[in-house]
Amino acid sequence: MHEFRTRRRVEFVDTDMGGIVHFSRFMVFMETAEHLFLDALGFAADEQISDRGIAWPRVKVACEYRSPAHFGDVLDIELTVLRKGRSSITYGFRFGTDGRELAIGEVTAVCCELAPGRPPRSIPIPEALAARIDEAPRG
Amino acid sequence: MHEFRTRRRVEFVDTDMGGIVHFSRFMVFMETAEHLFLDALGFAADEQISDRGIAWPRVKVACEYRSPAHFGDVLDIELTVLRKGRSSITYGFRFGTDGRELAIGEVTAVCCELAPGRPPRSIPIPEALAARIDEAPRG
Amino acid sequence: MHEFRTRRRVEFVDTDMGGIVHFSRFMVFMETAEHLFLDALGFAADEQISDRGIAWPRVKVACEYRSPAHFGDVLDIELTVLRKGRSSITYGFRFGTDGRELAIGEVTAVCCELAPGRPPRSIPIPEALAARIDEAPRG
Amino acid sequence: MHEFRTRRRVEFVDTDMGGIVHFSRFMVFMETAEHLFLDALGFAADEQISDRGIAWPRVKVACEYRSPAHFGDVLDIELTVLRKGRSSITYGFRFGTDGRELAIGEVTAVCCELAPGRPPRSIPIPEALAARIDEAPRG
């Protein structure tokens, strides 16, 4: 699988005094869409693999804002796997509402092992998960 | 010590489309003031006590909002220790800006020991800390 | 109508370094449940009434935390109208997951008219809305 | 002026269950640093210019995360004006703590006029402000 779609509705707390969704919230929208994508593949974002926790810290994010989103808007979120590396995945995101494009983003997350008291250490993406993720065909 | 004062400036992200500080942010303002109070007594909010981490989960919070706060306002925050129990502390908070009262709040936090993989367990407030905290005289 | 139920799933960003949902997020969960309740009655939380915007600033909130919520938990949220006044509504909330009680809360919101450049002014709850809201029977 | 430095301390609410600062918070740290930079030049981020409000919506953001930040860390934040256009400013940011590099970011904000009920419209940066902002020399 290399594509996934989800929706979420803008909440009041997502907005700022400019009357629109605060730009930092799109970071959260991307992360949660990524977690739902992993779920759809049968993996929790905080999966335990043979007694070790894994996590996916971000190493790089970017977002371009094309049009503002407002309270109550239903966001159409499209996730695409742009690149699958040995330890990392780069996702692309498109946000729209009602046919209007809102934003496009890109996030690179690295699969890491968590051990108490130590910094996260990058590990290969678990095989069972890697086997279920494809890269999107280059356009 | 049973009183502590601090200040913080309202950030853009604290506001919502109503043009005022979102009510949930006062919860954060109270928590951070509490942490600065503990710091002033020489204790980190995530202190390690003989190899165990401690934490202060909240069991009860309340807040009354009297007047809205706006972007750029400098908030005067006054913390008072209302009650000190064996394991818990109840704090009172007053928020104002420029002499105008904004909100009053109350929070009860419980001193807990953290052990990996187990829920937090309440413990007596460490003696060295308890000795430095007084209850405010009842008014 | 005086009761409403909704669900939401805990997101990664809702958690803190204690490994549980940050207490301030329950404030957001309550607000959004309230907005969905108004929606179910046919009113947007930011309804326009004859050219004026209305809003529902909170004047009082309280919450008791009984058990921690974790990433991925599906929260069952139960809203009850405790009191309906001329301009205000007091809501009660119960949060649970998987049959375990997490938190109970109470929020009083006041119906206000917004005019540019002026502070919100309380107004009677619009009749069409008031007619659709009942108080819960006292238990 | 084309450089500005500020500091902020990581708050508990900035962290997530991974035990580190949530990546989305760096977006907020960048925005607030930008507002403090404008303040230092004598301009509020929500300045009124001859009866019209101005605002600075973001059109593009990016961030690379090099090392995690933790609760209580004091962040050293360095802002640089990379490009000053007619209506837009591109800022670069460097985050460190205790000599360790944490993250680097880039944000493009556009000067906009706000009129009630209409979407923000880009305008030239007010002259008095533009005169006080220099581009950093290309390195």
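The chains carry the letters A, B, C and D, assigned in the order they are written, with residues numbered from 1 in each.
Just so we're on the same page, contacts are C-beta pairs under 8 Å (C-beta built on N, C-alpha and C of every residue); 3 or more make two chains touch, one makes a residue touch a chain.
As the structure is a prediction and not an experimental result, all values here were calculated from the model.
Asks: Pick from B-D, C-D or A-D: which pair repeats the contacts of A-B, with over half of them the same residue pairs?
Replies: Interface equivalent to A-B: C-D.
Asks: When the contacting C-beta pairs are counted for B-C and for A-C, which pair yields the higher total?
Replies: B-C
Asks: Centroid from C-alpha atoms only, then distance chain B to chain C, rounded to Å. What do you get?
Replies: 24
Asks: How far is the middle of chain C from the middle of chain D, if each middle is the mean of its Cα atoms, in Å?
Replies: The computed centroid separation for chain C versus chain D comes out at 33 Å.
Asks: Which whole number of Å gives the spacing of the CA centres of chain A and chain C?
Replies: Comparing mean C-alpha positions, chain C is 28 Å from chain A.
Asks: Among the residues of chain B, pick out those that touch two or more other chains and give their numbers.
Replies: 12-13, 17-18, 20, 24, 28, 31, 46, 71
Asks: Which chain D residues qualify as touching chain C in the complex?
Replies: 12-13, 15-20, 22, 24, 71, 116
Asks: How about chain B: which of its residues touch chain D in the complex?
Replies: My answer: residues 11-13, 28, 31-32, 35, 44-46, 71-72.
Asks: Flag every residue of chain A that touches chain D in the complex, lowest number first.
Replies: Result: residues 17-18, 20, 23-25, 27-28, 31, 46, 55, 57-65, 68, 114, 119-120 of chain A touch chain D.
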